[in-house]
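Letters A, B, C and D mark the chains as written, and numbering starts fresh at 1 in each.
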Amino acid sequence: MKRIEVTNPASLDNLKVYERDRPKPGAGDLLVRVRATSLNFHDYLVATGVLPVAAGRVPMSDGVGEVVEVGSGVTAYKPGDRVLGTFFPNWQDGLPVAEKVSAMAGDHVDGFASEYVVMPARTFTAVPSHLNDFEAATLPCAGLTAWHALFVEGDLKPGDTVLVQGTGGVSIFALQFAKMTGATVIALSSSEPKLERLKQMGAAHVINYKTTPEWGRQVREVTAGRGVDHVVEVVGGDLGQSVQACRTGGSVYLIGLVSRKPLQLMGGALITGNKRVIGFTVGSRAEQQDMVRAIETAKMKPVVDKVFPLEELGQAFRHQEAQAHFGKICVSCST
Amino acid sequence: MKRIEVTNPASLDNLKVYERDRPKPGAGDLLVRVRATSLNFHDYLVATGVLPVAAGRVPMSDGVGEVVEVGSGVTAYKPGDRVLGTFFPNWQDGLPVAEKVSAMAGDHVDGFASEYVVMPARTFTAVPSHLNDFEAATLPCAGLTAWHALFVEGDLKPGDTVLVQGTGGVSIFALQFAKMTGATVIALSSSEPKLERLKQMGAAHVINYKTTPEWGRQVREVTAGRGVDHVVEVVGGDLGQSVQACRTGGSVYLIGLVSRKPLQLMGGALITGNKRVIGFTVGSRAEQQDMVRAIETAKMKPVVDKVFPLEELGQAFRHQEAQAHFGKICVSCST
Amino acid sequence: MKRIEVTNPASLDNLKVYERDRPKPGAGDLLVRVRATSLNFHDYLVATGVLPVAAGRVPMSDGVGEVVEVGSGVTAYKPGDRVLGTFFPNWQDGLPVAEKVSAMAGDHVDGFASEYVVMPARTFTAVPSHLNDFEAATLPCAGLTAWHALFVEGDLKPGDTVLVQGTGGVSIFALQFAKMTGATVIALSSSEPKLERLKQMGAAHVINYKTTPEWGRQVREVTAGRGVDHVVEVVGGDLGQSVQACRTGGSVYLIGLVSRKPLQLMGGALITGNKRVIGFTVGSRAEQQDMVRAIETAKMKPVVDKVFPLEELGQAFRHQEAQAHFGKICVSCST
Amino acid sequence: MKRIEVTNPASLDNLKVYERDRPKPGAGDLLVRVRATSLNFHDYLVATGVLPVAAGRVPMSDGVGEVVEVGSGVTAYKPGDRVLGTFFPNWQDGLPVAEKVSAMAGDHVDGFASEYVVMPARTFTAVPSHLNDFEAATLPCAGLTAWHALFVEGDLKPGDTVLVQGTGGVSIFALQFAKMTGATVIALSSSEPKLERLKQMGAAHVINYKTTPEWGRQVREVTAGRGVDHVVEVVGGDLGQSVQACRTGGSVYLIGLVSRKPLQLMGGALITGNKRVIGFTVGSRAEQQDMVRAIETAKMKPVVDKVFPLEELGQAFRHQEAQAHFGKICVSCST
């Protein structure tokens, strides 16, 4: 079988396909024929060597596929079942503690850039039945990150207002989950065609942050001075506009650091505004089960930007680097 | 001006219209021209004398109208504003405590069966702008009861499953709020035409509880054995089927007692199923503000069954007694 | 090694000690030399055949002991470590769902009435270091039940008031946890000497429910009309007094059914009082870890009533039946 | 009667006592003979002109006194009652929203540096009966800030670990509330005598942040690598050590900005550690009622550093400036 392994140090030019023996499932494991994976910022940091991993590590935290064989003691799955991987193999449930969030697929343990994988059965969940493999592959990292922000940290309810930034995977999922819940969405982008598309997806207000760098004030205006209940922050760096856009008592969910600068914010704005900045990474398997149920109920469709074959994972990351995508970039792992 | 006052003892035959002087707003008050009210089970208990109130009490807890004059110190409203009354004039916010829930409009203090009312400005909220007066009048008691169950006690999220019983006001609101949030609804009725209409409103499964008295088991079946997350209980009495229909860890919101019998349930089912029975009455003004925002965002339309003139409030209650309605029965208070 | 196995049907007269081979730990398992177990109502139902279990089942859900050998892959424990068993081997963390709460130690899987046990390492936690084996053995069922009521369902905080019923294990733990948290305790018993002892343990008010059958009213009086925030209900049956004793917005935690009658309560009291009845069974391993930390911090000492040797498990249950104990009855499993 | 009014611009040298007519209570008001107030950082900012207020404003947000006369319609209090003021006259209950937190006593409305005050009855609560006036005067701002952090934002429970910084009012209250709840406290100071006193008050570990500037690492060490559950942050500026000291999934409550520098922190530490920074100001009247009940139950005694007469309010602030105090600085307003 084919799989990709990273070198140490890693680089996009070194993402090569190797021919390896197909692994066998041990007790409690599944052998899964991987159909698709999708690209996340965390994968990019691994693939480019910014986050160093062991040489030979199979990258990519997202994965969807079909069960080929089950190890001894596995009763929850059978050959032929479609299964969805999870970002944290050890975060099954409950609150995050250090032991649960210390291992990530495609980083500390092997990920899904492979025709076949063997992983513990407890690290998989069901797949929404109406989704094709590429759509489903977008869920474990980007989908669950948006879900965890809005429903685990955020307790989103109808009538709330959510601010999303840009058109990356998490932001689009946040928009879709918010719309699914009867909430109002305000979306930022620097591209007018993308703003147009965000409107078509249901954003009530769109703001071009390039032409309106003081967008915090504009968010205040379109919310009648109240501010938004939830800010899904993927940029980091100077949080001034986000904190201003947030209502008294609201929350900024810190999930991305596109700017790569240290956070900067005025403590006084948090204190007098009763605001909070909540950092987190993805979520638990139990939360993924809830998300899968919700997506299936609403027949929600993730937005797939483009699909690359496994051999072109490097090009896929170059496409991600170019920041021209809308939604998720996917990779076909087997056919 | 005209208003209805109850006698002591009260009865539907004694619900008469009296001519009274229009009251004047004191400090902090609003004088409101009432446009509409709607009927709730609590109003029925007052109007029939089951819940005795002071002679001369103006009944009806729901009310929507237009501000005619504001008392000194009122800055939040001005003449011409549409306003919505609240069920508990003293439950502004926060958790219920005895002081907050001891006075109900149309029971311990005068209600809205009147052309004009004077009440403290702090007991009103905004009205969803897309609703006519009859639609809006359904919100303070039945709407907020369903809202409080699902969003305050229940933390409803997309993908959850909600069981609703019958086609009274609270049940229909619960169905609509659940659909608005991307949840699945299972609905009960004893009437096939009503079941058909519940399906058209979005119920994924409907069950005729007359022909399927063991409906708890059927709810289990249509939920793949899991049970529902939320039961909106309006019947009371023997809770056996409701508790069986509820999933492990789920909740039964006790909001109505149509059966008028003491509750009966097996403690063991609650204990081994980690289930809870949560009683409550309506909700706070702050919750009503959240609900108004949600209804406005989703452009949700309450279901009005029939409208009566103020003079025919007694007939309106007879119509309610007949149990043939679907949604809310309303009354026009002024034109 | 010695162990007790139940017959089918079970009875206290048939609780006999058998000589069996010492088991070997498989992958992920611990071999534990059990030092002590303690008696719970659930064990009593198993031992008397009220809850039928497979013939040969080793009873008793509580267990504390010393690790003798670890199976392959176990890194969290080493030989010599003291370990505490858990009531639900599959409820590691998070909310209760059917899969987690379907297997109980000493019921669906073998329990701790044995000199040695082999169980998965993930089903154990640390032991508070200041407790002897009998004290520690009281924690997994009775201790965690009281903890889950007050801190997981109940969010107990200083200044709250807790009502406890009688002097069984859960009630005494609830009293101790409440005192540890700066809360006020009101305690019921039918025995004056026990009431005296409850006072010495810190109960602010004690009520003899035999001489004051209308104790709900008296609880109201000693709380200046407010009622208690938390009722730890171990009796079941007619909940009228408990519901009356509970404040507006308060909770009744249903954890025991000493009365064995169906629950009876007036729905109206729940509805107008915004009260809830919350059923549950014990709690998760993660909660047990929190409880162990709390007990260790406060140097809290569980109350051990009497210790029996393993061979006298039947007599121990007779002692429990007699209802003369105060705190927990324990059994020595090895020396 | 005597009262202090600030000039505009304000300065400590201009804090003078004026002779004014005693005010009269209007409808819903109380006339209170103020016994004591205490100093907070917010008062200092007002008194020094950093936070500009209207000329003639009576400063000081804390106040305790005796009801002299009640306005019409007031039933909750009677002459002779001891009452405690609240920081936010409009934050009665529920979550903070802009309208509730926009007016602070001693800033946007007159405060308590006066022999008598007239304020709405709804802005007062009961006083813990075991406290003298100076002890009680410390509660509305500093006490409630610590309470809100630990019990409203933080859900403190026995066995948790709390980090407190320095020996100002909020930090000492946080230590006392944590001890009251069976939690472990780690305390920082730059003074060895103060560290000794913090130990005597129950801190399990003390760290001199001057001699151990990398105290985040040391907090990790004394918590066996886990970190603390709760950081009560009163310094602001560079949050690096606080975030490091905080466990995975823990919270930093941002309540003070002694450093006056913008917050600086690495977003990656929040994201990978699932940590949050929660800003807020004091709390609601309902929370103050809970706190009063808790303090009364535990017979907890606030720490009063020194008492000044009203005429020496300026000197009192100089004493605060010198940072040599331990606990709260109080002022006697009448005798």
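Just so we're on the same page, a contact is a pair of C-beta atoms (placed from the backbone, for glycine too) under 8 Å apart; a residue touches a chain by one contact, two chains touch by 3 or more.
Please read these numbers as outputs of a predicted model, since none were measured by experiment.
Undergrad: Stepping chain to touching chain, what's the minimum from chain A to chain C?
TA: Graph distance in the chain contact network comes out at 1.
Undergrad: Could you let me know which interface, A-D or A-B, is made of more C-beta pairs in contact?
TA: A-D
Undergrad: Need the CA-centroid distance for the pair chain A / chain D, whole Å please.
TA: Once rounded, the distance between the two centres reads 41 Å.
Undergrad: Residues of chain B touching 2+ other chains?
TA: If we look for residues of chain B contacting two or more partner chains, we find 95.
Undergrad: Under the definition above, what is the set of chain A residues touching chain C in their complex?
TA: 27, 92-95, 284, 286
Undergrad: List the residues on chain A that touch chain B in their complex, please.
TA: 151, 155-159, 177, 180-184, 290-298
Undergrad: If you look only at chain C, which of its residues touch chain B in the complex?
TA: It comes out as residues 95-98, 101, 226, 236, 247-249, 254-255, 257, 262-281.
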